[in-house]
Amino acid sequence: MNNRTFAPRTVLQERTDPVVDAVAPKGAGRTTVGNRVPWDYIVLVAIIVFGATLPFVATVSTMAIAMRVLVFAIMGIGWNIMSGFGGMFSFGHAAYFGIGAYSTALLLVRFEISPWIGMLAGMAIAALAGMGLSYLALRYKLQGAYYAMATFAFAEVLRLFAFGNGPLHRQTGFTIPVRVEESFWMFQFKANSPWYYWIGLIMVAAAMLVSIVFVRSKTGRYTMAVRDDDVAAAALGLNALRYRLTAVAVSAAVTAMAGTLYVQYYMFIDPSLAFGPSVSNDAIITAVVGGTGTIWGPLVGAVVMGPLSDLTTAFLRNPPQWLAPLAGHDGVDIILYAIVLIAVVILLPKGIYGTIRGKVTKR
Amino acid sequence: MTTTKPAPPSAPPSAVVHRATRSFSALAPQRTRHTLLTTAAVLAAAIIWAGVSAGSGTVLIQALVTGILTGGIYSLIAMGLTLIYGVLHIINFANGAMVGLAMYLTLTFVDGTGGMHPYIALIVVVPAMLALGAVLQAILLNPVMRAPLQVQLLITIGIALAVENILLLVYGPNPRSVALPGNRAVKIFGAAVELSRIYALVGAMILVAVLWLVLQKTRTGTAVRAVSANPEGARLVGINIKRIYVLTFAIGTAAAGAAGVLIAPFSTIEPTAGSIFNLTAFVVVVLGGMGNVPGALVGGFVVGLTEQLGALIMPGQSSLLAVFIVFLVVLFARPTGVFGRAS
Amino acid sequence: MLELSAVSSGYHGLEILHEVSVSVRTGEIVAIVGANGAGKTTTLRTAVGELKPMSGSVTLFGKPVSAGRSFDAARDGLMLVPENRALFGSLTVRENLTMGTWARNARNGFREQQILELFPILAERQEQRAETLSGGQQQMLAIARALMGAPHILLLDEPSTGLSPKFTWDVFNAVQQVKEQGVGVLIVEQNASQVLSLADRAYVLEAGSVVLEGTAAELAKDPRVQAAYLGA
Amino acid sequence: SGSAVSQSGGGASSSAAGGEIVIGALHPATGAYAADGQQMNNGAQMAVNAVNAAGGIKSLGGAKLKLATADTKGEPETGSSEATRLIQSGAVALIGTYQSAVSTNVAAVAERNKVPFVMDVSNADDILTKGYTYSFRLQPNASTMGSLGFDALQNIAGDAHKPVKQVAFLYENGAFGSSTLASFKSKAKAAGVKLDPVIGYDAASVSDMTTQIQQVSASGADVLAVAGYYRDGVLVAQAVNTVKPKLNAVFGVANGAFDQPQFVKDAPNGGDGYFNANYAIDRSNPDALALAKDYQAKYGETMRTSAAESYDAVKLVADAIDRAQSKDPAKVRDAIASTSYKPMAANKGPVHFNDKGENTNAGLIATQILDAKIQQVYPAAGAETKPVYPAPISK
Amino acid sequence: MTVLEIHGLSKHFHGLKALSNVDLTVEEGEIVGIIGANGAGKTTLFNCVTGAFPPDSGSVSLDGKDITGMSMHRLAGAGLARTFQLMRPFSTMTVVENAMVPAMHQHHLSAADARDRAMDAIAMVGIETWANDVSGSLPAGVLKRLELARVLALEPRVLLLDEVLAGLVPAERTPVLDLLERLRHERGVTMVFIEHIMAAVRRLSDRVVMMDQGEVIASGDVDAVLSDPHVVEIYLGKEYDRA
């Protein structure tokens, strides 16, 4: 096994660089667990307080976009926990999102059970499913792209299963019945109610909190140690599998929350919306654009990527003079979106937040 | 381009067994024999079961023949994907879009030349795609080759979106088609087959053979594998690795181009015509062992047959369900692919 | 001749080497000794163009070595055997050796036969994948691969690390033979006593600066060197 | 292509207060269904132009209509957020969306914002079983198409004195195919026609249908009924041409391919003899034919039925606004509920919505490709020519 | 008392016998040196003992309990630790954080206490100047000692060391050798070490085991083994005396 030299294993971080807030580069003032000002928490509270005022200033259609940002954020944060901190590249996060969405919808539509219970059930099922899949995958030593492909296939299996399953309403999926009354317990408000946003914001905050606590916890550190080198970790007494599975479970549960929010807000879910590859892509795009393996990256990524497609569309709806010939051609907005995506990723391969933080802490 | 950064440190130490190691090298005979036997047994059982479900010999033979032929198409499409993954470690999400682009180029060629034989388009399309691949790699991907997997994945997702929508913009949304002169149906053991699909299968085999020979037997091919194995070492022996990256992505894209030309005659040509194969191609690549070119052929056959036999065995379910179940089983049982080598 | 003149170099803007000047002519063995982190590896990596110097210049036979293009340096006959060996793990021993000739052009140098005689174990293991070789075997393969490129100047980063005593001698003998073929060798070694008996000239590197230089024999007698590098 | 379309969507936001009346059109202008989506926007625009050219909304002092288009990209959540945006920017009513999943989302948005939504094309029965009061559907839903399709088949075969005995049913296994199958099946059962084999396939991924057609061939069925989309429809035709099963007819049930002009170019033998029972432009209506001609002239391609449905949807809404004498969406909704608009699409009479919002007069016609032309062959009343049955499909 | 007992251990890779029938017994507090030509199977022996991969046959017991094939992390928990010949740092973490991992995990220390213990271990091996550097970009010699520091923070009873001195200059070796001796004396740690540096082998080992082609071919007193003509011939080399 003397093959350190080779080992083309996929690592989610560039190795020469610190990736986690708890790990600062040489010479930098270090924020270490437990002995300095808990900036992460302070920033989080500030974001919530500040974010909560949005409905008072934004238009209704902006709020529709904000909702997408929240869903993206939860998914990105969830993805980042297992893929950024845990080093297991998930290419099928739709699985957990979809499980959350379907659990909520199924329990609500068929049994009139509150979405909150549905959410908890979804989180539990997603965590179990993630652990089951990852147990098998890791037991058989699937790594890097192979692990990614296993998760990809898992999401596809779920999609196709839902697609052909009667009790899950096959391709039709579930529509959440419109209620006459608003109800917290049933997680339904009148159209465009700011409550959707506020609840979503709280979910994002919860996801962030989980993420921060995880990174600062011992378990989080062990997880990152295992990510960096599982054999060395094992030789030091760490049960690599256990920490990996923990990261997967936390990640899956967080992501499932996004499923609940999605279903309750859009009131509809079907197999492709829940388990389709584009859902997984959204989670990855959010986290990577923001900064993989950083605490705040996914949130930044969501704020940037959530509105981007609307912005490109709106931009081309009333284009500047020099772009006028392109306006009105369907697809140009998507091309523009793609160009922005590619440019951001090439120029900031560590993500927006990752790059900025790298610059700031360099000196 | 000059770099101020040091070369990346060597990859982190590996686990005891390298599942992720790409496997270009010779097959381990014993393991392979074992696998082949198991595969044969499973296949035989599936065939019998499917035959009973179908209740007709002709249908069964048709399913087998169609399975092999569609399998050939799948591996044709997956070839570029596996090559690019094997060397560059890029999960190329744009592979399908490239196939779609090649179909449109074929269409343009046929229309533009007043109805020339579509296969002649290979002469134009393959070099064009080669050039396109080279440009994409040189401009978009080379700058981020040291970044982790997901960064490159995202760029290919962006490329896919852009290509599909440019096709939409240029050619419009209406489906198109190209006709293959002299295309007709022939009978094989009672199964009916279109000639165009047989040509595609033959094309897949030739492509595999060519790529395999190039990789295994030529000096450049060895260099490609060397870069894939250790970029730093490759640089130190004098290989310009960025050039090899460009070459590899170009070849991979050209392979997608060849696939596009060959399947154009029996495909509905739409901007998304290639992307619908993305899922299947990923499966084929993993089944065959990522980076394993001959493996992609085997993977294609496995997927093609699974789809066909699965449809007979589990009518009413999406045939892809069977494919993905087989896929997961194989992934766990033989993590380096049916044909891959367990190191 | 490889010449580093007043080279400062480092990583991410952090200067590690401070105005280091080192030269190697063909047909001589030059050693660099120094403690951990002194910057020996950094020197070699800067020499082949893997790192871009912050100031100073690196030239090979008068032609500048351009940073980021270490493959060009290899083509011009400058070969580095790095600390981590950088073998092609999934390729066979034979293929590794073949790749060594990539930049060889028409240069004369060791023939494959000679190299395999130098490293008989490699001859036995030609079809084995490099990543399954033992640590020491990998070291031999790395040196052999570099020799296949018929270098004018060969840079060795701690070649004896992990080698058995016998093999350390074998490697040093090989280095001697390489030199006799007219190759210039720049060798970084912890094993100071052995390397100083092998080398013609030597440099002592401390904290990124050359603190001593001279003929190997002189340095071996220097009390400071004896204390730090030759003691038990 | 489609270039002239969506500029009209520009600046919808400013229009709410002005004299213009905004109608929001949600269609997939990009993605896999862009071909229909772009045509539908064109159709809707033509309706707006026609209304404006005829003096606008008379009861509101000749107020002009304005179309605000939005690209759903075929994604339900985009549909939902775009619908919200259109409503916010003052749309009085929405039309759309071609895909049932998207319509489901838009219907929920419409219901909760109390803005009427007229579905031009969207066939899933489900959308209107939720008790929504603001959503309406012009097109026959999937199960209606299944049962009407069976009637068409039985009548055509009966008229040719070759009654149907056994039908092989090939369907895409999504919601559309499945509900079409269900209603077709119950009709067949009632009529004593054997349905065997029944084969589902995944329309998104299928790349060869030869085995399925071989199954059909082996079963001895005399008719092959196909409920599917375009690409798979072409694959069916290719496989039929390869296997050459002995069939009296290949009969599309709301098939997305068998009545498309492009199909004539793409299918082997020009798809000669293929039937399709589908919602369609009413070829017996001179206005409809004139519209199709205008469309051809303006956009350089044959008008699809989906575009005609969008045209109808806009005209129907305009008529409702006129009768409501108001831009208030709730009043417009009531006027829509009591419509009796005469559509360009084949219908059994003027549009009439039941309390679910389904068009009870939604009808379909059967076409057959004969001499490389798609010709209406059923019902006999509006037929352009007589059906050829058994059809010459296995030459 | 016998701490580690290896009996009849064999392992092959694709027909290559890496270990055949190796027997080795290590007493409490003993330091055993393993030498042998490159590829003799020394590292493979460690790998089989520590559960990196299962042996084909044979058994390993720790304190009389059978541990054959037991997973690596459980063995570490039981007090059997190893270092790696080719270093495996947690590359995104700093040196001190690397050493904190075992300190926290094994001894359930708080982060602050673990940091103290980690710093002690780092100081012991003499790399405290690098304590706050990210380990992904350290010079080889520091990484070698980091390997050692990490296992020290683990505080094992039995330590398997794979060439911990390789890459250190003589002046740097001495403190490490001192440290290892102190560990034995003060904490009674039992050690098996693989080393090619004869000075260290001579100084440290109570007993030396010579391996060749997967077999133990000589074992016993240091001087006896190192002067064995066969050992000189295949391992030390004729020039050895000259040095």
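For clarity, chains are labelled A, B, C, D and E in written order, and residue numbers in each chain start from 1.
Methods note: a residue touches a chain if its C-beta (ideal position, glycine included) is under 8 Å from a C-beta of that chain, and two chains touch if they have at least 3 such contacts.
Remember, predicted model here, so these are calculated numbers, not experimental data.
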| item | value |
| --- | --- |
| Shortest path length from subunit A to subunit E (each step joins two touching chains) | 1 |
| Other chains in touch with both subunit B and subunit E | A, C |
| Chains linked by the largest number of contacting C-beta pairs | A-B |
| Farthest chain relative to subunit A (centres taken as mean CA coordinates) | C |
| Between subunit B and subunit C, centroid-to-centroid distance (C-alpha), Å | 42 |
| Length of the line joining the C-alpha centres of subunit D and subunit E, rounded to whole Å | 75 |
| Cα-centroid distance, subunit A relative to subunit B, in whole angstrom | 29 |
| Per-residue multi-chain contacts in subunit B, two or more chains | 6, 9-10, 12-13, 16-18, 21-22, 165, 168, 173, 228-230, 279, 316-318, 320 |
| Residue numbers of subunit D (touch at least two other chains) | 2, 30, 34, 37-38, 173 |
| Residues of subunit C whose C-beta touches two or more other chains | 11-12, 84-90, 131-135 |
| Residue numbers on subunit B that touch subunit A, as the complex places them | 6, 8-22, 85, 89, 91, 140, 143-144, 146-151, 153-155, 157-159, 161-162, 165-166, 168-169, 173, 228-230, 278-279, 282-283, 286, 290, 316-318, 320-321, 324-325, 327-328, 331-333, 335-336 |
| Contact footprint of subunit C on subunit B as seen in their complex | 1-7, 9-10, 18, 21-25, 219, 222-223, 225-226, 228-230, 232-241, 343 |
| Residues of subunit D touching subunit B in the complex | 1-2, 30-32, 34-38, 173, 197-202, 204-208, 210-212, 214-215, 217-218, 230-231, 234, 238, 241-244, 262, 265-266, 301 |
| Subunit D partner contacts - residues on subunit B that touch it in the complex | 54-56, 58-59, 62-63, 66, 69-70, 73, 165, 168, 172-177, 185, 191-194, 197, 266, 268, 270-273, 276-277, 279-280, 308, 311-312, 315-320 |
| Complex interface listing, subunit E residues touching subunit A | 43-44, 47, 50, 52-53, 71-73, 76-77, 81-82, 84-94, 97-98, 100-102, 104-106, 110-112, 115, 132-134, 136-137, 150-151, 154 |
